[in-house]
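Pasting in a structure now, in structure tokens, and then I'll have a few things to ask.
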Amino acid sequence: MSEDAPAVGIVMGSDSDWPVMEEAAKALEVFGIGYEADVVSAHRMPNEMISYGSEAAGRGLKALIAGAGGAAHLPGMLAAVTPLPVIGVPVPLRHLDGMDSLLSIVQMPAGVPVATVAVGAARNAGLLAVRMLAAHDPDLRTRMSEFQDELRSQAQEKGARLRR
Amino acid sequence: MSEDAPAVGIVMGSDSDWPVMEEAAKALEVFGIGYEADVVSAHRMPNEMISYGSEAAGRGLKALIAGAGGAAHLPGMLAAVTPLPVIGVPVPLRHLDGMDSLLSIVQMPAGVPVATVAVGAARNAGLLAVRMLAAHDPDLRTRMSEFQDELRSQAQEKGARLRR
Amino acid sequence: MSEDAPAVGIVMGSDSDWPVMEEAAKALEVFGIGYEADVVSAHRMPNEMISYGSEAAGRGLKALIAGAGGAAHLPGMLAAVTPLPVIGVPVPLRHLDGMDSLLSIVQMPAGVPVATVAVGAARNAGLLAVRMLAAHDPDLRTRMSEFQDELRSQAQEKGARLRR
Amino acid sequence: MSEDAPAVGIVMGSDSDWPVMEEAAKALEVFGIGYEADVVSAHRMPNEMISYGSEAAGRGLKALIAGAGGAAHLPGMLAAVTPLPVIGVPVPLRHLDGMDSLLSIVQMPAGVPVATVAVGAARNAGLLAVRMLAAHDPDLRTRMSEFQDELRSQAQEKGARLRR
Amino acid sequence: MSEDAPAVGIVMGSDSDWPVMEEAAKALEVFGIGYEADVVSAHRMPNEMISYGSEAAGRGLKALIAGAGGAAHLPGMLAAVTPLPVIGVPVPLRHLDGMDSLLSIVQMPAGVPVATVAVGAARNAGLLAVRMLAAHDPDLRTRMSEFQDELRSQAQEKGARLRR
Amino acid sequence: MSEDAPAVGIVMGSDSDWPVMEEAAKALEVFGIGYEADVVSAHRMPNEMISYGSEAAGRGLKALIAGAGGAAHLPGMLAAVTPLPVIGVPVPLRHLDGMDSLLSIVQMPAGVPVATVAVGAARNAGLLAVRMLAAHDPDLRTRMSEFQDELRSQAQEKGARLRR
Amino acid sequence: MSEDAPAVGIVMGSDSDWPVMEEAAKALEVFGIGYEADVVSAHRMPNEMISYGSEAAGRGLKALIAGAGGAAHLPGMLAAVTPLPVIGVPVPLRHLDGMDSLLSIVQMPAGVPVATVAVGAARNAGLLAVRMLAAHDPDLRTRMSEFQDELRSQAQEKGARLRR
Amino acid sequence: MSEDAPAVGIVMGSDSDWPVMEEAAKALEVFGIGYEADVVSAHRMPNEMISYGSEAAGRGLKALIAGAGGAAHLPGMLAAVTPLPVIGVPVPLRHLDGMDSLLSIVQMPAGVPVATVAVGAARNAGLLAVRMLAAHDPDLRTRMSEFQDELRSQAQEKGARLRR
């Protein structure tokens, strides 16, 4: 868990999702962004889920990352009770390979958007939160640009090895 | 609206779903079962939705029928806050032909079931509620059997016309 | 097998489905609800299947749970011959990951509903049967509410462990 | 209806399927094969459906053609109660474009096959029945070969027009 | 390979499909029906494929069973050059789980039907061929009915074991 | 076009997408957020697309909204060349109902996220951009909360009308 | 029909596909490339199809464009009998929106490739043929580059109109 | 890597795709066609990707083969900046079995085609490039025909073994 005051809340329906969702936390840590992680289940603790979402902005969070699988309602329900941007991570379950999770998260009705990333793409959810923060923080934006440069360098080195 | 004390609550995210969901009400009326119909949106009025579900059993309702489309969270969220059986109707929206609605409703996690019917099948949702009630009401069960006999007679007549 | 007089019939097309369907039985046992389990194949013993369904209500059953895979006809055919509510469990087979089972069960024509749960979700089928019974049994409804409280407590503990 | 003693039974769940299924009858008429057409609904008249299938071979029928949509159980249930070959026609309904009908018909379990044709392809179902009969009737086989020659000639003429 | 004069030709695009297609041969053997098995690839030996199909009826075959995967053209192409009924078996390949094979086989254009069975269901293809032959052979039809009785007995025994 | 200095860039591959994407602009106007709209085609003007993305942050934009259909590459390619958050709108084309557009946008590889909304949901893309800005702007966040209150009031009124 | 000696053969299973496939011809005409168009049905005139493909290279054609729908076998079968590159156009039929056509064309087995374009994308098939020819014809390559410049100019003008 | 001057460029987004894409290189080697292989990532090194594509024709390449997975943008983006034919290989990733990769590559908009092969079919991509070159090289075309003869011989031998 980050030492800094949390700017991002990472939530999931069960701690069994943590091995997937941990990648979001790691991405935030790379950029030194404080976060909190919690189990907030839409279906098993709906009142706490409503409370968590309703209070998130007031507690200083700037974005929420919510992972869920199957009939994945957590990201959309949080988006319904917070004015913050909510990033949804479709967690693949045992059947249907995450297609149910993806559609349950991305196909939100008009008025209540969820910023959806790829199936299982918690790391990208973290990086998307960084971009949201970086849009208002020139230093952070520079670091995101440097991160993208680093991705390029790594890809170039892979190409050099392949060409040898 | 039925004159009898409501045994079934029919809810949907918007009154634009009423032309679909009305068929559930009509099925209940055929069997003389009281119902109430309301707009209860998971995404637009989450607190009222939680209240509606939490109070449904106490108000004497025996089953809930919830219609929703796209990232359809209403049936599952109601199931999370009521011990009553919740019947989910996947409402087809403009894109994806109801497949997103179906998966968002049926693929509920362990612990919180939703009784899902076919895409757009509000009439069957009503009939399923009648069956639930009829399991504890011999007269109603007789009438359901008669209804099934009636379906058979109609099908037989269609066959007779086709054979002519 | 439960000692109590059976209130729920759990049927499947082959005993190879028992490892999946057993979870429905376990859920009923948690609530002390009597059940019977049997192999009733729509395609291999159609007459016995018709008899089973036709006699279910008369024998005192209040709900049927039917698991089937592929071109899964058992739940729908039972629903055609009983006025009881039938809960369908799409069993995933070797190919197509249960999508064929799901559509074969849920997409029933007007007049004959099947209460469909998620692919492989036999436990939820059991819990749905409990909810149907609980709607007419205040004690059972209280126990279902307590069960839901228990789900919440477990989820909260998982959150506490994650926050540590 | 054909004047000849029927060799093929064409059945469907409702007379609303007749505009689709009629093409099977027309294909049989082209080859002078007697047929009967009837409404036999798996879900609305299950006992009659079982009787129809059980008696089909004894009445001299050589093949059955069954059309059904959605959770399409008619072809598979007939195959369960007759030793005759059953040809299944997936009828497309309002939603899901016949994919549910197709999977419900084709994905039959080991032991009970259904000869499935394309979505809505009742004409091909009729032609498939002709081929089955023609395998044991040299004259009919010759006529099927001539029919195929005719298809070729028509296609060649279309090509000639296009090349002009 | 059967000793009897072959009534059914079993063909596939590669001998790597034999472990799947062998089940068709076994089903025919159970009923004492002679068959031949061969590699006939639509894409690798198109002329031989055309010859095989064109000559099949003349050589006394009564039905063809063709297995193919991916862009599965063998069943449909054979159907184009023979008046015999062609049974198509969608063989699942490494990706897409047989859905591509299924659609490539079943969705034939008007005029040229293929009798399609479930993904990987070679055993059912064999049984479907038996039914086609049995329609013209009372002894064989009796044996198919006995086979179906046997399926029922086995299912009943499974039920008895489960009820114990 | 907004009079304010643009905070959000709305781009699309062709002006034929404007009837869909216009809804993003309208959502921004409701909140008084300046935007610019342009045609930036990944496939028809790749160099200008790279330039547009590379310069977006330097020109003061805080988020990009990109709509594209079919093999929809614009949102992902922009995300590759800007550190800003990019919101992708899957535009449904004539075939496949937007499923191709959705997968082409949401399934981005690790390192380069796109915040994807529902098929055709340009209005939600606009609202998501507002939420991103509102996370750093208390007044705007208050207005977003009021907007959500307004959604609730409208839904409640619809319910009142339905209950009447 | 082009006056020049044909370099490209455009074939389809029926003249009813011509309204779609005509766009391939128009694209070739823009670049002054001679073509021939013909009806060559894999299923209705298999021998002529084999002949057409076998003779195509000898007649001086440099590429084939084949459009087909449903169980679309024409492109793959032509690729089996010619060493020329074959471009496949999935033609959408009444059901399944071209997904069956696409999979039937693109999922070819190892050894026999088909260059597949988007559902209904005959114009792109024509442009792909131009690119194949242009790789060996500097003048034509220059004209393809100019065509791409023209696409860019048109897109830029659309942007200018939108920005106004 | 081939000793000959490269006629084909094989590129991929990461060296982790090499085990799949290597099959394209091997196919080219069989025909003695020079190639180059490189890592060119659309999302991680967009400017280098644009340069690579823009310069490909000038450097003497006659075709590009591009492999990519998920939201697979590399083939289409290269096609946007080169007049050469681009062959796209959908690489299957961990989820969705390559369906996302396939749709992201094949569903290109009018004006910019990509010659798409089957999911994971890099070998066929190599063979398709050979066919493109062979259309302008009689010797190479002869060798492609011989290669197809060899495929036939191998298939015939498999058949001979099966018939034994």
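Letters are used for the chains, namely A, B, C, D, E, F, G and H, taken in the order the chains are written, and counting of residues starts over at 1 for each.
In this text, contacts are C-beta pairs under 8 Å (C-beta built on N, C-alpha and C of every residue); 3 or more make two chains touch, one makes a residue touch a chain.
As the structure is a computational prediction, the values presented were derived from the model and not from experiment.
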Ranking D-G and D-E by C-beta pairs in contact puts on top D-E
Separation of mean Cα positions, chain F and chain D [Å, integer]: 50
Cα centroid separation, chain A vs chain C, in Å, comes to 35
Roughly how far is chain C from chain F, going centre to centre by Cα mean, in whole Å? 43
At which residue positions does chain D touch at least two other chains? 13, 44, 70-71, 80, 96-97, 99, 106-109, 111-112, 114, 118-119, 148, 151
Between which chains is there touch? A-B, A-C, A-F, A-H, B-C, B-D, B-F, C-D, C-E, D-E, D-G, E-G, E-H, F-G, F-H, G-H
What does chain H use to touch chain E in their complex? 92, 97-99, 118-120, 148, 151-152, 154-156, 158-159, 161-163
Flag every residue of chain C that touches chain B in the complex, lowest number first. 57, 62-63, 80, 83-87, 102, 106-119, 121, 123-125, 127-128, 131-132, 134-136, 141, 144-145, 148, 151
Please output the residues of chain H touching chain F within their complex, sorted ascending. 13, 42-44, 46-47, 50, 69-73, 76-77, 79-81, 93, 96, 99-100, 103-109, 111-112, 114
Provide the residue numbers of chain E that touch chain H in the complex, in ascending order. 1, 13-15, 18, 36-41, 44-45, 48, 70-71, 94-97
